[in-house]
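In what follows, structures are represented as structure tokens.
Same chain, two partners: subunit A is paired with subunit B first, then with subunit C.
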Partner chain A sequence: MATINLVDLKKNYGNVPAVKGINLQVADGELIVLVGPSGCGKSTLLRMVAGLETVTSGRIEIGGKDVVKAEPAERDIAMVFQNYALYPHMSVRGNLEYGLKNRGTPRGEIDRRVQEAADILEIGPLLDRKPRQLSGGQRQRVAMGRAIVREPAAFLFDEPLSNLDAKLRVQMRVEIRKLQRRLKTTSLYVTHDQLEAMTLADRLVVMNGGLVEQIGTPTEVYDRPATLFVAGFIGSPPMNLIEVSSVANKNSIGTLPAKTDIIGIRPDALFIAPQEGASISLKGSVELLEPIGGESHVHVRLDSSGQSVVLSIPGRPHLEEGADITLHARLADIHPYNSDTGRRTDSPVANL
Partner chain B sequence: MQTKRTIFPNKLLPYALLAPQLAVTLIFFIWPAGQAVKSSFEREDPFGFRTTFIWFENYARLFSEPGYVNSLTKTAIFAISVTLLSMSLSLLLAVAVNRVIRTNRAYTTLLVWPYAVAPVVVGILWWFMFNPTIGIAPYLLRGLGISWNHRVDGTQAMILVVIAASWKQISYNFLFFVAGLQSVPQALNEAAAIDGAGPFKRFWTIVFPLLSPTTFFLLIVNINYAMFDTFGLIDATTNGGPNQATNILVYKVYADGFLGLNIGSSAAQSVVLMLIVIALTAIQFRYVERRVQY
Partner chain C sequence: MVENRPWLSFLTHLVLIAGVVIVVFPVYLAFIASTHGSGDFMRGLVPLLPGPHMLENYGRMLNEGISTAGAPPVSIMLMNSTIIAIVIAVGKIAISLLSAYAIVFFKFPFRLLAFWIIFITLMLPVEVRIIPTFAVVANLGLLNSYVGLTLPLIASATATFLFRQFFLTVPDELMEAARVDGAGPMKFFRDILIPLSRTNIAALFVILFIYGWVQYLWPLLVTTDSRYYTVVMGIKRLAATADAEPLWNLVMASVILAMLPPVLVVIFMQRLFVKGLVDTEK
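Let's look at the complex of A and B:
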């Protein structure tokens, strides 16, 4: 149990900055998900916390202690790796015991903890097998078991589910969430999968280009994306970002905040039917209709800019591809941005 | 991957294509080996006019001869020393190079060079350096109070050939160890570091066990090398002396057969060597594939 504090943390590889100054406070027992595209520095950040990468400048505090110069072993953390990194020549039991033995834990205590972890993860029958005799999901469990037995101050997860197939990934995601709730261990979780990020996180840290774009609960981040990047990154299909000049009925634009030149509209906030109250409309033609079960995605090319936007509509609308269409959106559903700053133009999001 | 399969209907073509290689193997390997087996059952008169078939008498004599038993012992000492020395040094170098990031390639290239040197040249090189009269090594050793003369001291002669033979083999072992080390995933090292193992412990509990297939393979190869590939080196440095101190099996075959002209005994010795090679190869094929730890 511990808090994690990152203070102005930076990392350069030679002259190339990978992490450009991160501030983050993780409360005790909280699960923080770091999410972002490849190369945004999220894994580097996690590895710095683990002690596997040196820190260029800044502070890392785990449980109130500055650990920047500490060895990984001294930081009281456990890490689950993307490719599991199980020791292939040891049995599952050997893998679980290794960290405890290195720390000189008494035999009885080791056995108790291994048994406990095996019970929690339901890997008891596998204890005497070698990692190569396990399936992907079982290896994943063993990797988690190796983290649990240590009873560390914090768990670090480095894209732990990305090597699993889609079905197993959903299942393990739920298990990780349940496990973390049960153990109440402070956790940092890195992923590029935004669905994983949304479902797991107590708080979400969206990163891009070595900087934090937004920190907040998943609903906060989804409802009020702080920047254009977050707006385009979180949500599937992504938010439509439209230049204000493409809007057909200019009179309603006046009510948008000053300096707004880009508006974001979620696909489910675009409608074919005119909406009540203050709204805007966009003219275009249907480009493609994608029925995906309960709802359909309609790709519409706007007449004014030639830009393609997506709206999701429940059911299966009868639309001809190539037909003219007018889309409507309520002003209340619109996210206003300025393209120069990349920020929201209405009340700014506090945590930036 | 898609491979294009071409079918040649001609039944003789495969044999024709194999024929050159088969001919070389038959004429230069199988036939001489057969001759050696045959000679090992025969005794030749001093003038080479007449040979008599004497069954296993050559072998019986061989194993009752103190010189041969001595040679067996020397071979064992030599092979074990060379294997241990060259393997441990090359593992050390491989680990060191694996830790260097920027100049890794340069070191690797430099460390591989000795392998390109012919055994005889290696022998002469070390013979020159350790030459009791003009060599640099005895001069330096004298400063340490050690009087070096491998021409009279059997132990020193053995040390010399062991050093020379190991030096050449280090390159080969080094390459395999470097490749082996690079195939150990970095994440395992990191996981072990987080699990509280220091660098030394990580090496012995994680890296070394994962290298065991490489180590086992090299063990066999090195024993083979020390026993059979070091003839030129011995010939150039010590000629098996002083007083048989470095007369290993493969050199004794040559010395007894071509210098002593005792063809029967020499042939019997080469058959014994052949059996050892067969045994080692069998072990290699049988276990090298299977001894993989994971």
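Let's look at the complex of A and C:
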């Protein structure tokens, strides 16, 4: 149980900055997900908190103590690795016990905690097996068990689900969420999978190029992306970012905030039918129809700019590929951005 | 490969059996010779069946040796050889494990240089540097001692290189997990790296034990006291008698005795080796 405070945290590899000054306050018991594309510095940030990377400048406070100079073992954290990093020559029990033994925990206490973790994760029958005798999902559980038995101040997850198959990933995602709710341990979770990020996070930290783009609850981030990057990154299929000049009925644009030159429209906010109230329209031709079960994704090439936009429509619309089409969007659903600053042009989003 | 071709399997077996016969026959002959009387082997017709003097020959070699040839009892030489081979094998493994650990897992200035210097010594066989090595050992007063017999042979670039290659395959996360689990460098080495290297250690022990056992030139140089003779060089002394025919039956008895420990090591370690292969796997 602890808070984590990152103050102006920076990391350079030689002259190359990987993390360019991160401020983040994690409340006690909160699950924060760091999400971003490869190379955005999210893993480096996590490893700095773990103590596996040195810190170039800034402070890391876990439970109010500055731990920048502390060894990983002294930080009272437990980490779950992407490839699980189980000790191959030890049994599952040996893997769970190792950290406790190194800390000189009494035998009775070790047995109690191992039993408890095994019960929580339902790996009791596997305790005497070796890691290579386990399936991917079971290894994942053992890796989590190794973190749980330590009863640490914070869990650090480094893309723990990316080695699992899609179905198992969804299942384990739910379990991690339940587990974290139950144990109420402060957690930092790194992933590049935005669906995983959205479903797990109490708060989301979207990172790009070593900087934080936006911090907020998943709904906040989805509903009001602070920057063009977040707008394009969160959501699947991604938000359509269209230049204002492409809009057909120019008269309605006047109501957009000043300096807006790019508008973002979510695929589910684009419609084929004209909309009531203030709206804009876009002309184009149907390029591709992707039926994906309950809904269909329609790719439309805009006449004015040649840009391709995607809209998602419930059911299976009767559209011919190549047919002309006019798309409509309510003004209220439009996210206005400025391409120079990359930020929203309506009331800015508080970044805390 | 699973194939059902009777002629092919007959032929392959024939080749294998012929190979085994070629390799085994001299050994068999040595054994036969060691069971006959002193002159039997020189009479022109080589006997192919065991003779009646086996216990007598072996007993004599083990307990008395041949004093006229300047050879101590084989039991002493066997003991010396065993001590030397074990010290060399264990020492080589211990030193190369530690140096490979340092080179792979620690960042220190010139560590690549350190590795290459070790690696380059691979190109220098013992024989090339034997005179300077002898001078050093002699000046240190280590002639006729176990230290003198083993110390110059105890560093191994080959083993260091093999362990380095193995350590490079150990994922970084394993070390990081151990650090988070509160294991310091030596604890990680002892609890995780060494158990993982078990099969490599077993295989190297076999190779290095035999390397130590068959050392000939170096023991010949540094020992003048018969108490420190090793069995391999001792056999040479037995065979090189000045005026008389060598006592082949006794020489061969020593040869058979000299062969036994390496054979036992191979057989014993092979089981461990296979067990290790089955048990640990990443």
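Keep in mind that, in the parts below, the second predicted complex is superposed on the first by the 351 of 352 C-alpha atoms of A that agree within 3 Å, B and C clash if a C-alpha of one lies under 4 Å from a C-alpha of the other, contacts with A are read in each partner's own complex, and residues count from 1 in each chain.
Throughout what follows, contacts are C-beta pairs under 8 Å (C-beta built on N, C-alpha and C of every residue); 3 or more make two chains touch, one makes a residue touch a chain.
Computed from a predicted structure; not experimentally measured.
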Fit-or-clash call for subunit B and subunit C when the two complexes are aligned on subunit A: clash
First (subunit B), second (subunit C), both or neither touched by A:Y87: both
Contacts of A:L319 with subunit B and subunit C, given as first, second, both or neither: neither
Which of subunit B and subunit C A:A73 touches, first, second, both or neither: both
Partner chain in contact with A:L168 - subunit B first, subunit C second, else both or neither: neither
Which superposed partner A:L52 touches (first subunit B, second subunit C, both, neither): both
Where subunit A meets both subunit C and subunit B, residue numbers: 50-52, 71-73, 77-79, 81-83, 85, 87-89, 98-99, 102-103, 132, 146
Contact set on subunit C toward subunit A in their complex: 171, 173-174, 176-183, 187, 191-192, 195-196, 198, 279-282
Subunit B partner contacts - residues on subunit A that touch it in the complex: 50-52, 71-73, 77-79, 81-83, 85, 87-89, 98-99, 102-103, 130-132, 146, 150
Subunit A-touching residues of subunit B, taken from the complex the two chains share: 185, 187-188, 190-198, 201, 205-206, 209-210, 212, 293-294
Footprint of subunit C on subunit A - complex, ascending: 50-52, 71-73, 77-79, 81-83, 85-89, 98-99, 102-103, 132, 146
